[in-house]
Amino acid sequence: MSGSVYGKHFKISTWGESHGDTVGVTVDGVPAGLSLDAQDIQAQLNKRKPGQSAFTTARQESDSVRIMSGIFEGKTTGTPIAMMVENGDHHSADYSNIMDKFRPGHADYTFDAKYGIRDYRGGGRSSGRETIGRVAAGAIAIKMLEELGINIRAFTRSIADISVSDDRLDFANENPLNMPDNEAYEKAAAYLEELKSQGESAGGVIECRITGLKAGIGEPVFDKLDASLAKAVFSIGAVKGFEIGAGFGVTGLKGSENNDDFAVKDGTVVKKTNNAGGILGGISDGSEIIFRAAFKPTPSVSVLQQTVTTAGEETGIEVKGRHDPIIVPRAVVVVESMAALTIADLLFDDMSSKMDYIREYYKSK
Amino acid sequence: MSGSVYGKHFKISTWGESHGDTVGVTVDGVPAGLSLDAQDIQAQLNKRKPGQSAFTTARQESDSVRIMSGIFEGKTTGTPIAMMVENGDHHSADYSNIMDKFRPGHADYTFDAKYGIRDYRGGGRSSGRETIGRVAAGAIAIKMLEELGINIRAFTRSIADISVSDDRLDFANENPLNMPDNEAYEKAAAYLEELKSQGESAGGVIECRITGLKAGIGEPVFDKLDASLAKAVFSIGAVKGFEIGAGFGVTGLKGSENNDDFAVKDGTVVKKTNNAGGILGGISDGSEIIFRAAFKPTPSVSVLQQTVTTAGEETGIEVKGRHDPIIVPRAVVVVESMAALTIADLLFDDMSSKMDYIREYYKSK
Amino acid sequence: MSGSVYGKHFKISTWGESHGDTVGVTVDGVPAGLSLDAQDIQAQLNKRKPGQSAFTTARQESDSVRIMSGIFEGKTTGTPIAMMVENGDHHSADYSNIMDKFRPGHADYTFDAKYGIRDYRGGGRSSGRETIGRVAAGAIAIKMLEELGINIRAFTRSIADISVSDDRLDFANENPLNMPDNEAYEKAAAYLEELKSQGESAGGVIECRITGLKAGIGEPVFDKLDASLAKAVFSIGAVKGFEIGAGFGVTGLKGSENNDDFAVKDGTVVKKTNNAGGILGGISDGSEIIFRAAFKPTPSVSVLQQTVTTAGEETGIEVKGRHDPIIVPRAVVVVESMAALTIADLLFDDMSSKMDYIREYYKSK
Amino acid sequence: MSGSVYGKHFKISTWGESHGDTVGVTVDGVPAGLSLDAQDIQAQLNKRKPGQSAFTTARQESDSVRIMSGIFEGKTTGTPIAMMVENGDHHSADYSNIMDKFRPGHADYTFDAKYGIRDYRGGGRSSGRETIGRVAAGAIAIKMLEELGINIRAFTRSIADISVSDDRLDFANENPLNMPDNEAYEKAAAYLEELKSQGESAGGVIECRITGLKAGIGEPVFDKLDASLAKAVFSIGAVKGFEIGAGFGVTGLKGSENNDDFAVKDGTVVKKTNNAGGILGGISDGSEIIFRAAFKPTPSVSVLQQTVTTAGEETGIEVKGRHDPIIVPRAVVVVESMAALTIADLLFDDMSSKMDYIREYYKSK
């Protein structure tokens, strides 16, 4: 029953529930000597902070991070970095109407079945606030990877059936839905307003692209890069699907259509296409890593649904309160964070036994 | 660089390459006292054995398993169970034409980039023969779970655009494509014959269903049941997509459409629908677990493709030799095996700290 | 470089340095439904708090614990429990004289060699304050084990050459040296006063006894109970030796002298003697677990020693400041904590795959 | 119940019982490109082979290793290396007299208590034959470390009260007891002959020294080098004590006596003495690593002892059969192997996140 630790080298241990005192994370395995301050973390946390647009919960949280260890004179020391955010705006009263009912689409029932106890004030550990620890830890990984030229960028690919089109995709387009196609954004915004008025919610797809990663990252046969990313992303609440490169689309292709031909460019082996999404045999191939994840609609809706009480009686439920009509835009930074943590971890794994380097190091004084 | 161990409790360590001496696995953590003999393993291995139909490689392998430890008088003893299969039909000569070229869609290039060395006789560790260890280990997990009433069944859901239809799905339909809909099977068989004559290959989707699992399995927030299954299945070569329940389809649903209402049936909480695929908040909810995985077309095709030599020269390549025109049917048992290993592992995790039981045990003499 | 996580099921992640902001721990894997409040933790922390006798550092710390997550209405919820103590009395100025010198017997040099950076204000992560996280986490394990009738008690067995005699050992004797033999205590106290006046320090031995543990705990062949306890205790700073039962003394015995004969008592198999210290083949045998650990003298002494500066110049050093003349008495609770964490973890491991129970559970509704 | 996997990077998974078909090991994480053949392994296995002197069991085993995977054209490929030895000389009949009795000092009782089943033909998994996997895997680690200039040498420091004296210690002295002091050897040999005639056995101490290891190896605070070595060595059957450097002797020293002064030699920081045994704060300090382990007398003795039957009746037992009168000399290579596996693993851990190297690598093409 201990699933809140992630990673082998760049190892994070998260804590905190939606209505507990604090949420946070300890990151063990950050290399020494990196420049790091609270602002590096805060900038990422702000991307997932609630209350910033019409499309997110009205819950007010400053989500100010406090770094509690592991930094000395502005540098990491190689020791664990603990980071914490106080939970401010609990509003426990909002939840009294659902304390004895299992909300459909939520983890109330399964938490109760597993632990025999449930923090009925909200989502508890399955709340989106749990992701604060992931984002704070991910901020460190992202900064470290960027220094190496490895960049991770996720965005909203689609909301319901409204998709960012490849030819209009432009990351200069900034909007509250993290949808880098203004035309799609406007359609989606209008659609979400309509859903909100119905008390409903929508799902969507997040795409993530990673550039600058060398060939060689990923550990066959079980800790492959794609398998590891799949787990990392699927561990985010509300994810129901994950695909790499051409993904489910590969089944419509013949072998020769799906295979990416190799060529030589500037003395380096490159692929002419990228159906593989940058991964062959579970190992990065040096081209862009591309994956997508499907997120379900926010399960909290204020329309009437059928459910069961904790006492086992059938009943109806309308989930009132402050809920996002869509999870996707705020989850973008969470996807980036989980990708960064996974890449950092596998990068260290790959580096751990490069004998050329070890021989050189052992020859030095 | 050590990715060949899987599992926390029911822990497997696999070895072996396509053209090495043997392939095998050690399973550590099998409970003592289970009835087990070689036939239990062999029956599963036979499901993935090559040479059984027109749709698989002509490579001849008996794939006879030898149990090397951990069994005494027909029972498991709680000690590691090592199992081994000799590689018989190497035919190394077949591969001489590709020894200095990177085959498109294969892991030749990435293995070379990562390890600086490549067993040019075949797929090496990224060959389908690597899955023998998974299937042998999975056979033990499957048998143990069946004894508890937990059943795992995978099947070919689709090949290219030919799908098993829900209303014709009948597991009594047995055929070499593991496609439980005879109409779909015949279409797919004809299509594959055509592809074979072109030297081409196809992809498809495997679906897996797990019944009998109680609510409560899965360890939030990182070792969730869905996240763990995602990694397990994505670690199988050729998988490019994975989804649970309604999967990517959730993005077309509103919240109230996607949520599964709860009801009471025979005194138990049940869901009226199963868009969740049997998992809420990363924990099994007591209903059927349903997931699907997309497999790419076999990358070995005998049509001309563009590639690069190990010396960095651009060249053409046609991959001759004995290859499956589709991976999906033989991968069905591999998907079942990985699912079983994952379920067994998380089942033990869930059981590890059930205090009611521990208290009872400590009260006993 | 990530060594601050301990345990497989009852998994702790500690953070904090001697002169950082906070020290703390997250405990992942605590079963749900246990009664727990801050006082349970505080009582254990108080046992290692400085400034309580003439034999400990004069550093003033209240060491008040704050529980930051994982508790709801006085019960554990099965989610991670984070606990934190603010570092109050830093007195960084005390350390300015040693900031550019490697203190003999300390980890200054090795931390510098490993991380290329050193928090020169004190011991950093190798300070005794690091053990606060261990003790806070251990308090939970101790409470849980006590509920099962498993009791862990450590004590000062010897200081320098002054030993607790078996026939005078009486746990009713409470004193600041945790030495349950008043005669030995008085000798040791006098000796320590003398050392203090010389600016010197002493070492000693801690013994730990665990009762109530059933036969069957420990996972051969690598995660044996004795091997796991050895690592747990050796991970405490200053430990230089560890032994179980007759320990190093076994080498003076013949086989028949060292073997413990078996007998039957009240229907249970018991051992007539306990040279084995309660462990056979790495598995608990149902009798008392007994182990001892040797602690070196506090390395901070104010006599002149030879050392080297961070710039590589030879120099002399006298370590001034507030230091314990002996580590042993305050380490007693740390030894108990590490033993409890290890026992809890292996207990859960043993329980994880007891098929009798799992079968029964799966037969129930 | 899965304790047969050791290591994080250089990860071994062992299998096999004394009277099963085979014993063996899979080593996952060996770097690619190392020269390796069966003779490298066989040479180490021969050091622990039985039947080589008057002081070992008369069991005849050729212990010929078969490498089953992971080598291509005389080089490691980076994939798992599986190695196996057939169990030849079972002689199960020898053991019929003890099949229903718990042998004192053996793990018969605890295995029965834990697993509810026991392979009554011999020690099963707690037999010395289990160490074959450790030695085969250790041979690879030893060879790899030697290439880096890291050398590991263990020897018999004492048998009963007969010790190798420091001034007569000379590794040129080769003898069946691995006791590098011929005077001590002759005394010990005579003593063992006498014990044999009594049906008795003796214990002793193995010392191990590691040279060539750079400062910086070991991962505080739980995976320290000394803690990791303690666990590794304590996992070998019959070990009852472990100490580093001055070990238990530190308790007789004052702080200034125990601290090793630093000096500069040839531009490098060195210690003038080595009470620390080469480890400060859990991290190697660049000087020789020195540790010792106490081994109990072989529990199989043919004098009459009191025990209990599996049916719970008190009875007498004399353990006949072919047993070593002392474990120590054959365990020397096992200690070296466990030390090598531990050092290799922590070496890779230390290398995994050296940012200087990673930056350089990422700047290269």
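Going by the order they are written in, the chains are A, B, C and D; count residues from 1 in each one.
As a convention for this text, a residue touches a chain if its C-beta (ideal position, glycine included) is under 8 Å from a C-beta of that chain, and two chains touch if they have at least 3 such contacts.
The structure displayed is predicted, hence computed values, not measured ones.
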item: Of A-C and A-B, whichever chain pair has more C-beta contact pairs; value: A-B
item: Interface copy of A-D among B-D, B-C or C-D, judged by whether over half of the contact pairs recur; value: B-C
item: Rounded Å distance, subunit A centre to subunit B centre (Cα mean); value: 26
item: Approximate Å spacing (C-alpha centroids) for the pair subunit A, subunit C; value: 37
item: Set of subunit B residues in contact with two or more other chains; value: 1-5, 8-10, 14, 29, 31-33, 79, 111, 114, 125, 214, 220, 267, 349, 352-353
item: Residues on subunit C engaged by subunit D in the complex (per definition of touch); value: 1-6, 14, 102, 104-107, 109-111, 113-114, 125-126, 130, 158-161, 195, 198, 200-205, 214-216, 218-224, 226-228, 230-232, 234-235, 237, 239-248, 250-264, 267, 269, 272, 275-277, 279-286, 294-301, 303, 305-308, 312-314, 349-350, 352-353
item: For the subunit A and subunit D complex, residues of the former touching the latter; value: 8-10, 29, 31-34, 79, 147-150, 214, 220, 267-268, 347-349, 351-355, 357-359, 361-362, 365
item: Subunit D residues within the subunit B interface of the complex; value: 1-5, 7-11, 13-17, 20-24, 26, 28-29, 31-33, 66-72, 75, 77-82, 84, 114-119, 124-125
